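First the structure, then my questions, so here it is.
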Amino acid sequence: MSDAKRRLVVLDPAPASAGPDRSAEIDDDHFHDQCGVFGVFDHPEAANMTYLGLHALQHRGQESAGIVTTDGEKLYAHRAMGLVQDSFNQEQLGHLPGRIAIGHVRYSTAGGSHIKNAQPIAVDYARGSLAVCHNGNLTNAEDIRAELEARGSIFQSGTDTEVFVHLVAASKEIAIEDRIADALTKVKGAYSLLFMTEEAVIAVRDPMGIRPLCLGILSSKRDAHVVASEPCAFDLIGAEYVRDVEPGEMIVIDATGMRSMRPLPPAPPRMCVFEYVYFARPDSKLGGRSVYDTRKALGRALAKEHPVECDVVVPVPDSGVPAAIGYAAARNVPFEMGLMRSHYVGRTFIEPQESIRHFGVRLKLSPVEPVLRGKRVVVIDDSIVRGTTSRKIVKMVRDAGAREVHLRISSPPTQWPCYYGIDTPTRRELIASSHSVEEITRYVTADSLGYLSLDGMIDTLGGGSSFCHACFSGQYAIPFTAANRRQMRLVGV
Amino acid sequence: MSDAKRRLVVLDPAPASAGPDRSAEIDDDHFHDQCGVFGVFDHPEAANMTYLGLHALQHRGQESAGIVTTDGEKLYAHRAMGLVQDSFNQEQLGHLPGRIAIGHVRYSTAGGSHIKNAQPIAVDYARGSLAVCHNGNLTNAEDIRAELEARGSIFQSGTDTEVFVHLVAASKEIAIEDRIADALTKVKGAYSLLFMTEEAVIAVRDPMGIRPLCLGILSSKRDAHVVASEPCAFDLIGAEYVRDVEPGEMIVIDATGMRSMRPLPPAPPRMCVFEYVYFARPDSKLGGRSVYDTRKALGRALAKEHPVECDVVVPVPDSGVPAAIGYAAARNVPFEMGLMRSHYVGRTFIEPQESIRHFGVRLKLSPVEPVLRGKRVVVIDDSIVRGTTSRKIVKMVRDAGAREVHLRISSPPTQWPCYYGIDTPTRRELIASSHSVEEITRYVTADSLGYLSLDGMIDTLGGGSSFCHACFSGQYAIPFTAANRRQMRLVGV
Amino acid sequence: MSDAKRRLVVLDPAPASAGPDRSAEIDDDHFHDQCGVFGVFDHPEAANMTYLGLHALQHRGQESAGIVTTDGEKLYAHRAMGLVQDSFNQEQLGHLPGRIAIGHVRYSTAGGSHIKNAQPIAVDYARGSLAVCHNGNLTNAEDIRAELEARGSIFQSGTDTEVFVHLVAASKEIAIEDRIADALTKVKGAYSLLFMTEEAVIAVRDPMGIRPLCLGILSSKRDAHVVASEPCAFDLIGAEYVRDVEPGEMIVIDATGMRSMRPLPPAPPRMCVFEYVYFARPDSKLGGRSVYDTRKALGRALAKEHPVECDVVVPVPDSGVPAAIGYAAARNVPFEMGLMRSHYVGRTFIEPQESIRHFGVRLKLSPVEPVLRGKRVVVIDDSIVRGTTSRKIVKMVRDAGAREVHLRISSPPTQWPCYYGIDTPTRRELIASSHSVEEITRYVTADSLGYLSLDGMIDTLGGGSSFCHACFSGQYAIPFTAANRRQMRLVGV
Amino acid sequence: MSDAKRRLVVLDPAPASAGPDRSAEIDDDHFHDQCGVFGVFDHPEAANMTYLGLHALQHRGQESAGIVTTDGEKLYAHRAMGLVQDSFNQEQLGHLPGRIAIGHVRYSTAGGSHIKNAQPIAVDYARGSLAVCHNGNLTNAEDIRAELEARGSIFQSGTDTEVFVHLVAASKEIAIEDRIADALTKVKGAYSLLFMTEEAVIAVRDPMGIRPLCLGILSSKRDAHVVASEPCAFDLIGAEYVRDVEPGEMIVIDATGMRSMRPLPPAPPRMCVFEYVYFARPDSKLGGRSVYDTRKALGRALAKEHPVECDVVVPVPDSGVPAAIGYAAARNVPFEMGLMRSHYVGRTFIEPQESIRHFGVRLKLSPVEPVLRGKRVVVIDDSIVRGTTSRKIVKMVRDAGAREVHLRISSPPTQWPCYYGIDTPTRRELIASSHSVEEITRYVTADSLGYLSLDGMIDTLGGGSSFCHACFSGQYAIPFTAANRRQMRLVGV
């Protein structure tokens, strides 16, 4: 939903020490996932487990974190700005009783970084209490909101997610799963959702399965069900991955057990391909596919498409590491950690007045000169967004003595914004939307540049129809409404 | 509304340093006002003026503070736990643009002290944005809430105030004043309200005028209208007091000027008498009556009803000072500040493990021994709630050498809880509801005890029918519903 | 010691929320005491008692607070910027073990408000550990420091107090009391000192007894000795005042009991008269004299010297209250609290851009208009420093409707800076040093102005030779050194 | 110096958000470097450059950070607990004027983590002001301290470093370099020091050059000299590495330029070998040797000494990466990032009550299961201290499906504590001091375990006599005093 239409600006304070820190991104020229969700049903330490699950999903959103629990009587909510570890302490977790919990980490677009927008949302309505958290983005939120307001609803946040609770509250159905199903028939877009009532956790994935969501079991005296955006959240707490929630599936977990429902008409699955390229953690499996192995395979395919005579293959850490290992192996060239990533980036720093070469990127990455000096270096990254960071990296590698710098990207040129829950710049900011590979090569000052082709990526992944690759191809999985088009013009597509 | 019926417990964090500090009340055995409101229309520094107005109303609520402003396009909200001076800094006020603002300070009952309940509430609805703040208490909030939920509404806080915005949003009327008038026909109870839209401030006082609300003018290049719970808020910012908002009056202030409306059927006015006894600041005038002078007059009446041979009259500072001056003058006995109030009470302290005599009250009050030693002392206080503090004060005065200690109270025995916006204990905690004056005298260990009579108080104020004195008389201004009675049993009336 | 000679500027941080807040002083035109000290020997809750004692001495210094305890083996120190209640929490007090403690509150001059200067100072030296805290000011600190540095000593703070520990460490004597006595022979100036070793507390008052210091007993299973700047610190913890430490007396309290020593040649006592006028708490007794009663007597003397036809006598609260009661009684005119003091001043506030009449003083004081309107008002204050606040008060009282405003000051004109531990402005900032009473009357816009005469003050106190009244008379108790004179020129005497 | 002999425990508060966070170390079973130093002479942004230099040296100490600058007149100091980025903000850096600065990051042993111990130390003494910071440890600090105290010196911290300033202040020499040289003749131990006066920066490295220190040039309008523990600090600010400060060299940098002095008798150089193994950043060069290349070479040597049939070589990131690359290359086996390091470790987390397998290490490291499942895995780490983490890693790798787990360590068994500036456990906590390789293999549950031999390490580094390898060999570079032996017994060697 367009922020331009939101009239309400809520500035309720973030805790002093927290608040979104964008400093790390000054030279982190990447797309950003907007959310991670986690839920647990029937565990004696539901809040603690959710805290840890969110910690493992921290890479999916660093701006706010929230947990809602229930003891079967009431819902208990705590939300705060900042990282999970800064948002909760032992005492606060102690105020979240019960065996059922859902939680959320969020990375939001500019203007939306306020506690009021933190999730999960929790409300009282006629049938009791309801909490919800959401990874994704609705394309018709503005229309639904207008309809709801016309009927007398009031909105207290700027998030799409508030739409869901209004729709569920307004449904004429009786059972909660029917109310949710009813609500879902009205929305369009990408969503992996966790609902919670005093008695149940309900997980839903949109019909195309654009954003990930998976199921697990946490063994204890009684087995507890867990749901998470990525299975890496299960690993930390010792839970077992069971399967992905399927596109269009609704899973109800309550005292009677777990049941699967299909409230929505089937659609061809269109999992977000960028989850494999960059978003997901390498130790996760999504759709039965190892993220690490997939990235290595993309690196091998890249080596086949864009070989080059070279002495060393160097990743841009950490995301470029598996693809670089794959590329180096395919080319039989040494893999080296020629760029070191700092552990201490991520919070405010002081910029000197006098300009320092490559300063922004140097705070995050340092060249290991003996690896690079006199060498023909292949640098592997997962994507190029604006090109500014790539340019700094290429220059820094060359300054460290590299004889040649060949940049290789383990995905196709990113040319189109995402409307399904990813924070991307507008089209005109995406360098590949208006520049040829040759022009980009010159801009980043590389000796050569090679992107993996769309076909190469799809072949590697084994089947193009089952992915959303709109950011590469412009083939959007969900048809645009007129309102969407208006809005897109506003935001500069 | 009964907290027992609220299902949603929101723990969103207060800023580290703030949060309600009840330590000062350990021996502050008083009723507490629950709110103060302030609004300004058409001033270049609307947020700053509201900040200062709230500062002057700080005695009406120390738990949270909030301001909402509008620049005519959007509403901007900032709310935080704690005192006004801790809740806002220059930067935060700078994020609240526009020439229109309303603000709120709040003292809430236990369990309700969360940021989510902070006011003003601000929402988007079909006709635009709306903010509201409220001093008072609805007696039929629970019923209205149930009706609204039955129609699909969701509730995100535990306050009565959210009911107003739902009712306004749901109204079929077009103009905002008609929507508000429509909403007011549905509510019962005590309310002094400030609404704000992108274009107007609307002030409303309930038909009986239970809680105060007054109008002023702040002269600048253009005159700005100001509204506040008490005129002391005008004094700080250099505004002129114009008049009280009348019971049942709705005042709309917008670009066309100020107009008065009477949307509700008239009722006999019933201003809260306790505002004169304790809540309001002595430098305020309410209903055209000086609070300071009224308190002095109550002291004189008390002297007439309960004279005693004595050497010195000593107030319990600060609230007892004017009544003590009145009492001393009427008896022609020296007035002395025989109890000193600390400037530094009000935040956490460390209680020693070993018991210290009168410790709690000593942190706040110190006896000035040469004033008391060997004297027959009259101690003047405004009220006795539980009696625990009075007992400590009497003992402390006697320990400092007083020969006799006579306690005089400048209001009648407080026997009944308030349901109109005041934080009072349950009946059984009110010592006067179950003990005779003789028994209380023994409990507080005074040589004698005299309360001003109800008639004496009413005569002093000049007319009983125009006040609510339910806390003294049990004559509640608003008839109880069956739900109220149920709820009252729950909370121990 | 002159800050101009200090080369070391230490900026170690104050805790975020604390730090000296001078906002309250914008219109608090008073001299300020610089310190309060408290010590306890042989109490199971030594740290807690010291915390409470410092809380009761908070009026003597609001900038930093510190406690050092010993368990007989080691010394444990905690110091922080800010009020006592902000500087310590239960956990921090828990880290201060032992039955012996000393503590300090500090109000420092500009430039010196850093944690490094917080007291008590605690060090290791050849004979063990030593802590010290100090109320007062040395006049030859600079000379001693130069001598010590010439011998190889290093200085880590900007306080006079560090000089004491160096001198004690450098002494050739064996016993700690002898080392301290040895050190004291070298220093000139005003000092009330508490030393602490692993085994003893040693209290010292300078030969003229310029700053107060008194002894008490805290009864428990075993009686504990307590020492404090004022006896009000004993009252809070339930200790009994025993007597003042005498000028030039050194009291050693250790496992063998308490013994009094006289290490220094006797000098005529010169207790600071301003302690009675303003610094000390009204419930304290100093030199056997009640502060409250003394202030009332000053008010009576003032009435005799400067009577005026009037309708009401109004104090500038809180310090002017006893003198106003005395004045009103002597003149047989009603005493009224015509100026109300806010409970919520003391921390940051936002100043509006548009000027508000009397804004600064209004934040702290509000006129009670019905007390003042149409009246001939006598306003009683304890002193005038720069005159700026008096001017605002007089104007505010007149704006509230007073027919006449007569300002009466219960002490003589303050014309001279203090060099003995009080924060005073330079001579040229003291309005009375360069203006006649007539000129000051015009400046403050009063209808008349009357100061108590020096003789009147001395007579009231019963004997001029036993007080230091240099700030009024320029008769400094301690002869100046050449260095002092140089320094005084620097700082604008 | 033994903490057991320190009598003074200073608890001055760390800023709320900071303080040492040891949570990350729960499973970070490594030796820890204790300090990093940085200095700059004659740069317009001296404080900013020092801030950045310390940021780049953050891996050498995370507990406190401090900067002292001078404008030629005074010294300005700011120190705080926590990371560099948390300890300074723009405003605080703005209070540090001048073109000369030195700074320090510190990791201290338990008990010493207080602001009072933060460096640089800055003092006033007879000749002016002096600041100093220190990387290393003195072995005769206790003796010197006793001597200094006997002469009347007082000590305000528990650090060795305070000894230096006392010695310099006590020297009879005139020129600062002579005073420092004089002081150095008295101390024994490891030290890389930066002194600063109002006019100069003086860098000193102990005669054996145990801790690193290097020189650089920062080109600007005027070239500025820079000094740092590692050259990676130069890279971030765009400075050029010039050369290492030589063992026993004193370099004076002042307005007349830079001059090298040799105030101490020469000794055989004994650079700490562990800097290469683990402490230093891989992109640093020390003693002309690339840390990254050295680690890779150690991996290759390890492969030669302890080959094993395997399918994959996996490092324990990040420190094990270069050695693993070397090992994998030497064995011609694929290198894979089979263990993923979390970016979000480093602050507090909540431990669940129910035990989770490998929980502590999982927070930091996650297995990438497809890399490990069914494979014979070689895991490369740089050292084993207590063995607890190694055991968890081996089990976690096996749980992820590894068929065999072979642990290879790129240094010899660590059997001896360090007394030269490294935080090591006592002997009895070092698993290798009391267990054979076979026993350790069983304890960590590996299929095999191989340590690089001492000879192998020395050969790789090219010459044993020029290194201190006491932690491996027990051959301490500096003879022990009797006091050292006593102290060592105390601390459990």
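Note that the chains are named A, B, C and D in the order they appear, and that numbering of residues resets to 1 at the start of each chain.
Throughout what follows, a contact is a pair of C-beta atoms (placed from the backbone, for glycine too) under 8 Å apart; a residue touches a chain by one contact, two chains touch by 3 or more.
Quantities reported herein were computed from a predicted structural model and do not represent experimental measurements.
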For chain B and chain C, chains touching each: none
Most distant chain from chain C by Cα centroid: A
Whole-Å gap separating chain C and chain D, where each centre is the average of the chain's CA atoms: 48
Centroid distance [mean C-alpha coordinates] between chain D and chain A, Å: 37
Whole-Å gap between the CA centroids of chain B and chain D: 60
Residue numbers of chain B (touch at least two other chains): 16
Interfacial residue positions of chain D with respect to chain C in the complex: 6-13, 15-16, 73-80, 92, 95-96, 115, 118, 121-126, 128-130, 146, 149-156, 165-166, 169-170, 198
Of chain B, residues touching chain C in the complex: 16-17, 44-45, 48-49, 51-52, 55, 58-59, 83-86, 88-90, 93, 220, 232, 235-238, 281-283, 285, 290, 292-293, 318, 321-322, 325, 329, 334-337, 340-341, 343-344, 346-350, 352-354, 356-357, 359, 362-363, 366-371
